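Some notes on the structure that comes next.
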Amino acid sequence: MTTPATPVVRADGRAPDELRTITITRGWLDAAEGSVLVEFGSTRVLCAASFTEGVPRWKKGSGEGWVTAEYAMLPRATNTRSDRESVKGRVGGRTHEISRLIGRSLRAVIDVSALGENTIVLDCDVLQADGGTRTAAITGAYVALADAVAWGRRHGHVKGGANVLTDSVSAVSVGIIDGVPMLDLPYVEDVRAGTDMNVVVTGAGTFVEVQGTAEHGAFDRAELDALLDLAVAGNARLAEIQRETLAAELAR
Amino acid sequence: MTTPATPVVRADGRAPDELRTITITRGWLDAAEGSVLVEFGSTRVLCAASFTEGVPRWKKGSGEGWVTAEYAMLPRATNTRSDRESVKGRVGGRTHEISRLIGRSLRAVIDVSALGENTIVLDCDVLQADGGTRTAAITGAYVALADAVAWGRRHGHVKGGANVLTDSVSAVSVGIIDGVPMLDLPYVEDVRAGTDMNVVVTGAGTFVEVQGTAEHGAFDRAELDALLDLAVAGNARLAEIQRETLAAELAR
Amino acid sequence: MTTPATPVVRADGRAPDELRTITITRGWLDAAEGSVLVEFGSTRVLCAASFTEGVPRWKKGSGEGWVTAEYAMLPRATNTRSDRESVKGRVGGRTHEISRLIGRSLRAVIDVSALGENTIVLDCDVLQADGGTRTAAITGAYVALADAVAWGRRHGHVKGGANVLTDSVSAVSVGIIDGVPMLDLPYVEDVRAGTDMNVVVTGAGTFVEVQGTAEHGAFDRAELDALLDLAVAGNARLAEIQRETLAAELAR
Amino acid sequence: MTTPATPVVRADGRAPDELRTITITRGWLDAAEGSVLVEFGSTRVLCAASFTEGVPRWKKGSGEGWVTAEYAMLPRATNTRSDRESVKGRVGGRTHEISRLIGRSLRAVIDVSALGENTIVLDCDVLQADGGTRTAAITGAYVALADAVAWGRRHGHVKGGANVLTDSVSAVSVGIIDGVPMLDLPYVEDVRAGTDMNVVVTGAGTFVEVQGTAEHGAFDRAELDALLDLAVAGNARLAEIQRETLAAELAR
Amino acid sequence: MTTPATPVVRADGRAPDELRTITITRGWLDAAEGSVLVEFGSTRVLCAASFTEGVPRWKKGSGEGWVTAEYAMLPRATNTRSDRESVKGRVGGRTHEISRLIGRSLRAVIDVSALGENTIVLDCDVLQADGGTRTAAITGAYVALADAVAWGRRHGHVKGGANVLTDSVSAVSVGIIDGVPMLDLPYVEDVRAGTDMNVVVTGAGTFVEVQGTAEHGAFDRAELDALLDLAVAGNARLAEIQRETLAAELAR
Amino acid sequence: MTTPATPVVRADGRAPDELRTITITRGWLDAAEGSVLVEFGSTRVLCAASFTEGVPRWKKGSGEGWVTAEYAMLPRATNTRSDRESVKGRVGGRTHEISRLIGRSLRAVIDVSALGENTIVLDCDVLQADGGTRTAAITGAYVALADAVAWGRRHGHVKGGANVLTDSVSAVSVGIIDGVPMLDLPYVEDVRAGTDMNVVVTGAGTFVEVQGTAEHGAFDRAELDALLDLAVAGNARLAEIQRETLAAELAR
């Protein structure tokens, strides 16, 4: 890791610690109990939260709810077309891995007892992929989840005074490129990053997931620390955007 | 089939022979060689055309290209969430059937020799479903296909002077509700229709596919004729919209 | 569409509006509640109707029965061997599509309330394919269905005085070959047909399904009308054969 | 094993060492290079032999041919309907096991060098099952195989003077019922048999496969010997029937 | 079959009627109710018996228990790596066949009424394969089963005085190599054997399964008899080893 | 995170920063080019490295080799039996995720150019699971990989003077239990851990992967730092054990 003498400017003009333009459009779907189209630059993910009464069999009678997530990518979300997983007849490892990550991240801020025996499924479908699809998905899914919880309360499925959401949660990617730690990598940066980390953080600034991977060569403790600092700051800004978005009236 | 004494007004205020608001947004994706977001009222389908050089093995050396399509629905495109076909590990019958229909419809207006040994795959993913998803998909896919063909020509993959597209193609649903033939059915009308027909028509007004199904009780020749008349007129209007859309410069 | 000056004679010596030799052998299987071996020329389909008490979960308590169909082809039914769908691990699009068509066609003439909470599954397995396998399957399946309904009544599973079958149903293919509309196409004609249509008609002569496809070039309204006329006449003859077959004592 | 004082008569009137009525109808399919409908009493199996030039990749350049078999049962071949393996998406253990047995049995009488680099696939589809479906399949498949080999020679794909078939092969089931060894068990006897054995024998009377299973309690050496004697005699009769069948001109 | 003038010595120094070194290590797993690592020479199979209260739905209320088995091979158990069946998405024919054989063999010595409504699943995973994996699996699985039954009795799930195990069961392979019948074939002998037989025998010396296959050329009655003699003697020795193993205290 | 006044003693008597007994048995399989049975306490993983010449199609002509891994668990490795993924017909998300992690970890220390166009597949099969199966798998797989690379060099498939392995790699789990950071968690501790982290480290002490997950409540920076310290120290000890193991002659 080197400290550059002159300010680093990225291909899209951002400073190393700057997020891409973040847009979260609530209520993108008519039927879903919560839904957003979330954009991190050119990355676009449609997050739909489906609220249903009842829980899977293994949770019945527990008094607790269940939140889970499924992530997928449209075949032409990427530069070259990928085969559909439905046609291949199996869900790939990457898809599985990200679905599980999103689910765990959201469950970290859910009080399942306050939710009661209700289920919320988050579908995060990537319409266009330009790096950071999993972090955009987590960030958007939280907003859709919040709307679905509010729907459940409005319709009398969520009872009692306890907060279902104990905090907000968001995620951002960070990486080291040519020795410089950078925030929120688009695809062109992602492929060049020596180290790549996805960090999921609560509104309170504590960690939910830290997933760092050395893509080319291992990384040392100083690099790890610099990346964590960047990620915590980026997530603080994302939490602010989530708060502002949810403060607005949902026009439906 | 009865002729109503007073004018029939539909739930959404349309006349029986009136299309829903049709919107075709070109260039919705950055990477795809052709792409549109097509809307028939609340029905929204993302159509991406992927152009690649070369053809499947069984077409190699034929001098001819290949055009195919895949249709799918996001899990929460509908009122209640459906399981993902990728998770179920198999593509359902309805999905297969519609994918094949879209492919056949587009191939009806493609001159595969003029296309040369290139492949265009049309991915039609329903983001929101409110009836008529397959007809919206065909109508939008034609525009994406036209853009992909133009891309292929611009990049030198399509050679020679012959037109690759011999005509335009569009589709619309028609049905008989309470004895009245109606055009372009949203979901609430679709479930009530005694007879339901999807009609695929070329810009020249000839038939590519006629698929009529008696949902409740069979239909007679007069009803069939009335439905065909409605569909031909509706498709003429769709062809016009396609023409206008394609006449505009594609801002990318 | 041209009107030929001299009478058209087909490869197998038939007139354009003539069916192939139709044979329906009832009771081909010992155990099935209804079964026929149906032959349209060289096309041979074994149709087995399995009657069971009870209905799928989603119909329980409705007082209504359920009729469904599965179509499949033996690997060497065709000129060259096809891989088994069981070995490939998935049912193909064409198989799905035809299974659904047969099911819908039969349900059009079933009064599910009169059937009561019973299920009839029609298995239509193509032993030899020479064009028109789906139309032979529908035509034969109706006879097997009628025998299965009679079996259900004889064994006290179908109660009450109402007719379970509200009409008969049959199907035939029609197509335009070198400009001449022709009835009941064998394989050699099927591959040459510019337009290909499968028409499902009740005994009363009303339409249940009209599925027309332009294989090479679109078709106009006059051609469509000529094809429908041929199909209605052909189905009238098939309904007559079904009636005669069912009038005979079932020797078992 | 007891020696009954009075002659045992079976439900269908046969003596313990008597085969059911065996019928082998050659040329049942128009297109297959060899095909028979084989009947062992009510058990009916359609055996189709598909001859193709070339061999699987792992045999290429070996100068040797390849013979394989696939066995399957139609859903309503049995008393109660079974689900289709194509719909279940997987081939069951029993199906696999019998397919492998048929393949091994036929390969025991094939000189793969004399066959040359050609492949013959035997499809054995059970249309009606009344016990002994695997033994009927082997017995019928041999005849279809012989016709396919003759076809290959007639069409110049099989060259040289060497016999491709080194012998004939047939199979029959035997079992012990109430202490009495019996030949060629129909379903009602099969379920009652304490020990059940399928024995595949060449025309020369030597063993290709011996598969004995104690269904209820183990069996001793004397019982095994008695069953083998019965099976050898039964197969000698089947070999005779195969010879007579193949001696006739194949009317096609 | 010839009688050699000089004593035959096998590659590993054994006499033709000699078993490989047999080792059965009980209690190899901490958690399983019964478990052994069984070794036939270099062949190593881990057999785990899982005892659970209750039975599959179709046995409920019968008062009877259920014993079943699953066999599998690790990818690098063999000389060259095989693809995983989980990755291929389907269980192969050989795996199915052997799983079924193990299950039938064990059920032959189980009194399901004495077991009561309990289920024991035997997992036989081949860690290293050097011929005879299925016979080692059966021989080892019996010991694991005996331990699981004892566990069930100790924990009060198996009640009453009747023996659950009516006898012991073991299995061994035999084959004819260069005319000499030999016992317990390692891989190098297995591939050279003209005839190959797996024989499952009870402690009392009666047959449970006899599976003989002519790999190259058929075999005659004298050869069959010689192989059965060898197998019966080999299984008697295996039964002795099983008895000795089970007589020891299980140190856990 | 609290600093306990009295020393913490774990259920198995270890100090918080102490590894379980680590055993690495090389050459556990006869045929594999590299293989170890690795034990972290009661956790036992069989790691087999299969060396084959050539690379997957997408790497052909690159001059580079390929290293990949597959992880799986035997059905009764755990306290209660799990269904086999081969029988379920699909590989689960957790399995996919861990297979990918092992592959990435090993690739971090492989110089693919020095390896040349050869492929090494690491199969890591968990025979017994008591927490830390993925970290044991990585630690053991490195040793098997080293043996396979040596095999490749000894047999002339790996050429040139460059080191194929640029460093060693190992992994260990760490977690916070009742406020105390602990090293190398067995199952009973794993389920109680509020935060759970798997850390993959090179022999040089740099990070390859850091995967931290808040199981119950999020974690702060101080906790993260404490866990990383523990993990680095534990991995240093594992690297030492790997070195000692590999220093010994491989007795085969």
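Worth a mention:
We call the chains A, B, C, D, E and F, going by the order they appear; numbering starts again at 1 in every chain.
The definition used in the following text is that a contact is a pair of C-beta atoms (placed from the backbone, for glycine too) under 8 Å apart; a residue touches a chain by one contact, two chains touch by 3 or more.
Keep in mind that what you see is a predicted model, and the values were worked out from it rather than measured.
Between the contact lists of chain A and chain B, the overlap is empty. Following the contact convention of this document, no chain is adjacent to both chain B and chain C.
Relative to chain F, the chain whose mean Cα position lies farthest away is C.
When each chain is reduced to the average of its Cα atoms, D sits farthest from chain A. If you average the Cα atoms of chain C and of chain D, the two centres end up 33 Å apart. Chain A and chain E have centres, each the mean of its CA atoms, that are 52 Å apart. Separating the centre of chain A from that of chain D, both taken as means of CA atoms, is a distance of 60 Å. Along chain C, residues 89-91 each make contact with two or more other chains. Starting at chain B and stepping first to chain C, the touching chains follow one another round the ring as B, C, D, E, F, A.
By the touch criterion given at the top, residues 29-32, 35, 42, 46, 48, 50, 52, 70, 72, 74-81, 84-91, 95, 121, 123, 125, 127-128, 130 of chain B touch chain A in their complex. The part of chain C that touches chain B in the complex is made up of residues 90-94, 96-97, 99-100, 104, 108, 167, 197, 201-202, 204, 206-214, 217-221, 224, 228.
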